[in-house]
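Listed below are the structures to be examined.
Heads up, the next two complexes both have chain A, just with different partners, chain B and then chain C.
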Partner chain A sequence: MLNVIVREHLRRVGPLLIALAAIAAALPVLSVRAVFGHGLAVDSMRVLSTAAGMSPYFPLLAFIIGLAIAMTAWNADHDGGHVYALSLPIPRWHYALLRLGAGLLLLVPAFTALALSATIVTAAVELPPSIHAYPLALTIRFCATTLVTFSLFFSIAAGSKKSAAWGLLAIFIVLIADSLYQASTGSSYSPLFDVLLASRSPFSFFFGQWSLVDV
Partner chain B sequence: MSGAIEVRGLHYRAGKNFEIRDLNLTVPVGAIYGFLGANGAGKTTTIRLIMGLLRPLAGTITVLGRDVPRESPAMLAQVGFVPERPHLYKHLTVEEAMRFHAAFHARWDADMARELREDFLLDPSRPIARLSKGETGKLLMLLALAQRPDVLVLDEPTDGLDPVVRRDVLTALLDFVARDGASVLVSSHLVHELERMCDWVGVMDRGSLLAEMPMHSFKSGIKRIRLENAPAMLPEMPFVLVERDTSHRDERWLVRGWQAPMSQYFDGIGAIVHEVLDLDLEEGFVELLRAGRVTRARGGVR
Partner chain C sequence: MSEAPRFLTRALLMAAAVVVLLTPDLGAQAATQYDALRDYWGARNRAQSAKLNQLRFAADSAITDTTRALRFEVLSSSSDVPIAAELAHVADSLVRTTWMPPLPGVRPRFSVHRPAGDLALDESPLQQPSSVRLVLSVYEPDGGRTELMLLDSRNPAIGAARTAVRRSVIEALVDSLDPAFRAWLADRPVAELPSPGQWRDGWLELATYPSLPARGCLVGEFRACEAALALVSEPNPLKAWYDPALRQVLGARGVQGWRGERLTEPQRLTVEACAGGHDDGACLRFLSDTALGANSVEPGPHALRSLLVRFAFSFPADSAARARAAYAPGLTVQDRLSRASGLPFDELLRRFHQQLSARRPPPSAPSGALLWTSSIWCLAFGALSLRSTRWRG
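Here is the complex of A and B:
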């Protein structure tokens, strides 16, 4: 059963998945090129600042991949009013698990692309003393962030199109409210980020160390 | 006899204007049950309730002895379903849709599916989104039949199909029923189509089942009788008086459950029968609906 659900989902997101995996593979390459690709002598400070400049793209890509696969997981069922899925002879929770499993499997190509690319490109360059490459840590953080995003939006998208729209609207309202709070108090303190950055929050993955190379 | 599908005291409400109230319906085992009703009568809602797609407010539904919706997955393994509107994943090809469906149905008959696909001239590589209405109807019937169900629930399976496709689809259905002895609940507003294939009929209107009987009784038992001198208060009748129209000089009665010897009843009450008119199925259907609506408008109970 999982096999046909994966194929069904893949049929809809195949080209998108290839594009996202290609970007995931390209990002470490671009990151290393930004640091070492200009032919100048490298010093540790410049390496760190350039690598830090590239680091926001990794969580952004993780978010986009998680969002894309999650939001497309239920599309086909939404189109048919869920009638087909509900007329299949399996419990609803079982069907939801199959959809979840299929979505998770479709995340694997992007994870693999990032892991291989990050490992290969960091092995191919000579790093200055005291600077280290962290391809595995970056990949784990990337996977965790993608999974958090995927889980959140998979749950939001699991209802009807209407309930998914309400879920997205609620997130948007929270973001706006947080911005308004910051504007009204004139401070940079954000209650939302305070909650998200809490050490036990799954969203803390978004804001950790994302550099491919670091001390 | 216990029914393949049994609905008892079903109550469901959708919005302010539509309600199914106290619906009782039985599809006998092995029967082809025609579910007749005008558009908006509640046929599709009833079918969705039977399939466990909606939850009733009250009442019980059993399909092959399994309680719906509590035992829906086990029930659905034995039921082939063709919904009113195509519900398949449109980006899949015909072949992929067959493979997808087969993965969920343990009794899937791959040979039968291939045979039907060839008979129906369906291109296996064609995406469902690009199928014509007739081809989609054929594919839906193929999927429902190839899972070798004990019960088929078909919601307007030939609606909008041209006569050739309709014949293909119905022939496949009847061949399957003849071979496997499945019970069928088929809804339609095409009366003549059901007349040819069904042995039971139920007529629904505005959320109520107006009548349920064997097709032969429906075809032969609905009469319009023109008579005079009938008393205002009538003793118990051997037939069902659906409507009594006294607005003409001669009274006109619409009755069901009629048999020829029942004419003696009129001798007993001193009435003179001028004419007993046979109604064909469509006329009988229309008269039943009309009479039911008049009765309801008057606030009467049939």
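Here is the complex of A and C:
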């Protein structure tokens, strides 16, 4: 059954997935493009600044991939009025687990594209002595961020409109409370953003060291 | 679903949509919030750092000494103007955190009084100070005194005044330094102890500097570090400090640096031939030409020298010796730093490199905490999604 769900999901997101995997493969190449054609005479500073310039695109891509796969996971059921899912002789949680598994499997091509590209490109170029490449670290960080984004949006998409409404209401209340706090203290400091960016927050994965090469 | 909850759901959805539509610019707000958060934590870090420095200088003060190093006076036309008190506070904390601190037994004097209009705060129609003018007096160890007039009308905010005081205090300190020592420092020295971020920047500069001494220093060759710090005289720096590839890198930097500037045709050809590679002769000509790249011939980054000086002054050595080391003429840089730190120079250099290496930016390997946290979040969200109610509409 997992096979059927994966194929069905893939049919819907196939072209998008190919495009995203291609972008994932291109980013490491673009990160070290300063090295191309310079051999040993490459300026370390330029290599670092080029790589740093590309680094925001890695978490952005991780977010887009996680979001795209998660939000399209339930499209087939939604289009068919959930008839197929409800007619299956399996518990509901089992079906949701299959959908989750199918989504996770569809993330693999992008992970593979990034890992292969980063490994090959860093092995192929000659970096200045003081600069090191971190393809494995970048791939792990990318995978972790994509998985967290995917699971977050998958859980949101798995809920009913009512639960989505409750979620929106909760967000609305938190935003209001945060604004009231700022207004009452006269400070621009936001506890909400403090929580969102805390080191254990799921949003903290988007920050940190995302560069393919570093000192 | 009955009518009431359905109505409530729709109302909530509409309310949320209205909130989203009416919110002027969520992106801009997010950026502002992020800046505020960064400033907040930056301020907290600075406060902690200042406390640490104060503790360090409190430890120094345990040594009995009667020599006076510096005395500051902030003169204000009005004692009830908050900015004057604020500036006195700034000057106080500056003196306590500079690497040329007041000597034990000497209490820096800050006074806020009326010296016949030496400081004036012009009031704008909005009752905000539109300019800040003040006199800062710096008393030096030999009894000399420097009067500084500060005028900053571009930005009336307290931040600008703080910057002006900071700049003037530091300038006064630096001007008192031995000229040879100052020439070696090359950059305008920063008379404050280095922060962890500045150590990190120092490492980055060393790691990216295109010279053989810098690369040798990076891997722990102390003689190379001495060379990178410009403490070893080199008769033929172009050959000793660079290989052909590094000379080409300097040429490429030259091309970037002079983009848009007027060069004669031969000069342009020399720079381009050097940057384009395969013409080391052009690079040698480029780096020998005082009108072109001769100024960029350095064994290592200037920032490293400043960092070493600040490091040497961070040791709890005898404060009088420290002041003499900073002000006495005729000493070599090595002797000066050795006296300031109370350590033999080789040992100082070893510790400096150790400190630099310890503060290098951490490798970008994801920590175990990141892996654990992401796993837990994935499991939590995954478990939540298993309670799916998607078919309910």
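Assume the second predicted complex is superposed on the first by the 173 of 215 C-alpha atoms of A that agree within 3 Å, B and C clash if a C-alpha of one lies under 4 Å from a C-alpha of the other, contacts with A are read in each partner's own complex, and residues count from 1 in each chain.
The rule we apply is simple: a residue touches a chain if its C-beta (ideal position, glycine included) is under 8 Å from a C-beta of that chain, and two chains touch if they have at least 3 such contacts.
Predicted, not measured: the structure shown is a model, and the values here were computed from it.
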| item | value |
| --- | --- |
| First (chain B), second (chain C), both or neither touched by A:131 | second |
| Touching partner for A:96 - first (chain B), second (chain C), both, neither | second |
| Which of chain B and chain C A:86 touches, first, second, both or neither | both |
| Which partner reaches more residues of chain A (counting touched residues only), chain B or chain C | C |
| Partner chain in contact with A:147 - chain B first, chain C second, else both or neither | second |
| Contacts of A:209 with chain B and chain C, given as first, second, both or neither | second |
| Shared chain A surface residues [contacts with chain B and with chain C] | 86 |
| Chain A-touching residues of chain B, taken from the complex the two chains share | 51-53, 73-77, 81, 83, 85-92, 96, 99-100, 103-105 |
| Residues of chain C defined as touching chain A within the complex | 1, 5, 9, 12-13, 15-16, 19, 30, 32-34, 36-37, 39-40, 203-204, 206-210, 215, 218, 244-246, 248-249, 252-253, 277, 360-366, 369-371, 373-374, 377-378, 380-382, 384-393 |
| Footprint of chain B on chain A - complex, ascending | 1, 3-4, 7-8, 11-12, 76, 79-81, 83-84, 86-91, 94 |
| List of chain A residues in touch with chain C within their complex | 38-46, 48, 74, 77-78, 82, 85-86, 92-93, 95-97, 99-100, 129-132, 134, 136-138, 140-141, 144-145, 147-148, 151-152, 154-155, 157-163, 165-166, 168-169, 171-172, 175, 187-190, 192-194, 197, 199-200, 202, 204-205, 208-211, 214-215 |
